[in-house]
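Structure in structure tokens, see below.
Chain IDs A, B and C follow the sequence of writing; residue 1 opens each chain.
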Amino acid sequence: MNLNALWEYANPKKFISTTDRVLPWVSVLSVTALAAGLIWGFFFTPEDYRQGSTVKIIYIHVPSALMAINAWLMMLVTSLIWIVRRHHVSALAARAAAPVGMVMTVIALLTGAIWGQPMWGTWWAWDPRLTSFLILFLFYLGYIALWEAIENDDTAADLTSILCLVGSVFALLSRYAVNFWNQGLHQGASMSLDKEEHVADVFYYPLLVSIAGFVLLFIALVLLRTRTEIRARRMRALLARERMG
Amino acid sequence: MIALLIRDLRLAMRAGGGFGLGLAFFLIVVVLVPFGVGPQSTLLSSIAPGILWLGALLACLLSLDRIFALDWEDGSLDLLATAPLPMEAIVTIKALAHWLTTGLPLVLAAPVFGLLLSLPEAGYKPLILSLFLGTPALSVIGTFGAALTVGLKRGGLLLSLLVLPLYVPTLIFGAEMARRGAAGLDVTTPLLMLAGITCGTIALLPFASAAVLRVNLR
Amino acid sequence: MPMGIKVSDLTIARGGIKVLEGLSFQLAAGQALVLRGPNGVGKTTLLRTIAGLQPPVSGRIESAVDTLVYAGHADGIKATLTVSENLKFWAQVFGNADISAALEAFELTPLSNRPAGALSAGQKRRLGLARLLVTGRDVWILDEPTVSLDVQAVEMFAAAIREHLRQGGSALIATHINLGLDEARILDVGPYRAKALEIDDFDGAFL
């Protein structure tokens, strides 16, 4: 595939016309996969012999936690694209992804608390993973607040991109610092390529479907929000032009 | 560059609130803690390292918005940016001046405040060392935050929101080192990590701060 | 490298909107150029762009390395430092030491130990202009330098500029008042005002 062709989609016009066609499909697919994964997971899997039915929250908890991290990674990549190639769509996509990622973080934290209460006997513990997610939430909060605070769009894009880069380094540092600081209650990774480690197959396949649903949902939401940002941006540009006469 | 440092230090001394304010704030935090948690010296001595680190961090945070705001308002920042100093040098000097006026006094005052919180005797050396190693990182990271928010009205609150998550690793390793020291444990690992974070931020973050400042000036 | 500045086909923007386009001029050693134009046309943006504080949208600005000095609306004066401390700081930043000539030229010598915060607005402005002398730079880029100066101080300023030009320096000045500099050329930037974007351009950028 010609890589130059990829940059075509950085043109706002091209982006809108392409997503016009793609977005409905992604939306339908995401709803289907979500429904399939969750229904399969909730109603057609056995109960865990230790955890009982509470284990089923895994079908929301794990995918949302994955997306919370992946959303930040996506913001990191789009921020880099903005810094290097200055494609406006890229900066706006980062802006659009942030609130989605933040909501995913909140969902992961909430479902984790609900799951943790019966399992560990507490809603919250200063476990490394939980703490890392709380810190990630703070990073999202700061990033979004900075976008909102700056009036000039290009300035905001520049500053938030650099914040995202610096923040990524510090988020990673925090992750290791937190691990060092406290050994946790949280179980090992639910998802792993190593088959021995992850959860049993009966739980694993519906989980995969559910994760696919969350990924598609994330893509659909980001595309939708990016379109909104582009249109808002165009409106501001038109208003500015009008003022100039 | 030296001229800029001397000017900043002189300004901090003349304007008042440069050296004194952070220190006074630190004192108030330390005085308020026993009111909040009770006066038992066993309890106090076990939380003393953490409280002292938190107090130092908050005192540092308090003065961050002054790093660039005053120079921005009176136009000095524009003039400095067009002067024959690289922007990276300007932000480094600014961070150094901030550390000398805020961080260093906190490090020096920490033993006295440790006394107030009945810090165990073994804890003094690690506490001072950890603050001495960690506060430069706080100043450098804070300078980045100040550069991000320099042009904004009501940037103060946003500045805290942006900077506090960035302070997490420094705080964890710094407070951990002080805590282990107070408990008589080995402090090598947190000491090395803290030193690493400080060296890393001093080496790399000025480039980000300078880039951000250039964006804000244009 | 010629002294002075050469600007060719320059387009500049403020807040993401083009304000001036297709601007070209040349400023040689010993010359002064006065920029005129209605408020908001982009004179300040032009000067900031030339001073290197913001990048141009397109076009070229050529000048020798380290020859420009910029003075904006604000003077960058620290109220708690004395007049001579303020000047000495800028002299050191630009690698010079002597400030007495600058103090003399703007009649600040009697005030030199006064805290700058105690100066009147006009005196502060004189201090800000004295800063130009201690930098030792050739090309002065001045944005409304005569604000809050009285008639006598404006003459003082004009004399300083004349002396600077005589020594081979040059000056680019945005101002509305008549400085009494007969040798200065005048450039009205009004005709270079950027036209609103064609709707087609726009669709490419944002639709």
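Going forward, a residue touches a chain if its C-beta (ideal position, glycine included) is under 8 Å from a C-beta of that chain, and two chains touch if they have at least 3 such contacts.
All values derive from a computational prediction rather than experimental measurement.
Trainee: Taking each chain's centre as the mean of its Cα atoms, which chain lies farthest from chain B?
Mentor: Centroid comparison gives C as the farthest chain from chain B.
Trainee: Counting C-beta pairs in contact, which comes out ahead: A-C or B-C?
Mentor: When the contacts at B-C and A-C are counted, B-C has more.
Trainee: Can you tell me which chain is nearest the middle of the complex, judged by mean CA position?
Mentor: B
Trainee: I'd like to verify one number: the distance from the centre of chain A to the centre of chain B, where each centre is the average of its C-alpha atoms, in whole angstrom.
Mentor: It comes to 32 Å between the two C-alpha centres.
Trainee: Please work out the Cα centroid separation of chain B and chain C, and write it as a whole number of Å.
Mentor: So the centre of chain B lies 37 Å away from the centre of chain C.
Trainee: What's the distance between the Cα centroids of chain A and chain C, rounded to whole Å?
Mentor: The separation of the two C-alpha centroids amounts to 48 Å.
Trainee: What are the residue numbers in chain B that touch two or more other chains?
Mentor: 218
Trainee: Taking the touch rule as given, give the residues of chain B at its contact with chain C in the complex, in rising order.
Mentor: 2-4, 7, 10-11, 14-15, 71, 73-85, 217-218
Trainee: In their complex, what parts of chain C are in touch with chain B?
Mentor: 48, 51-55, 66, 68-78, 80-81, 85, 89-90, 92-95, 131
Trainee: Help me check something: in the complex, which residues belonging to chain A touch chain C?
Mentor: Within the complex, chain A touches chain C at residues 11-13, 16, 88, 152-154, 230, 233-234, 237-238, 240-241, 244-245.
Trainee: Name, in rising order, each residue of chain C that touches chain A in their complex.
Mentor: Listed in rising order, the residues of chain C that touch chain A are 15-17, 196-197, 202-207.
Trainee: Please name which positions on chain A make contact with chain B in the complex.
Mentor: Of all residues in chain A, those touching chain B are 135, 138-139, 141-142, 145-146, 149-150, 155, 158-159, 162-163, 165-167, 170-171, 173-174, 176-178, 180-181.
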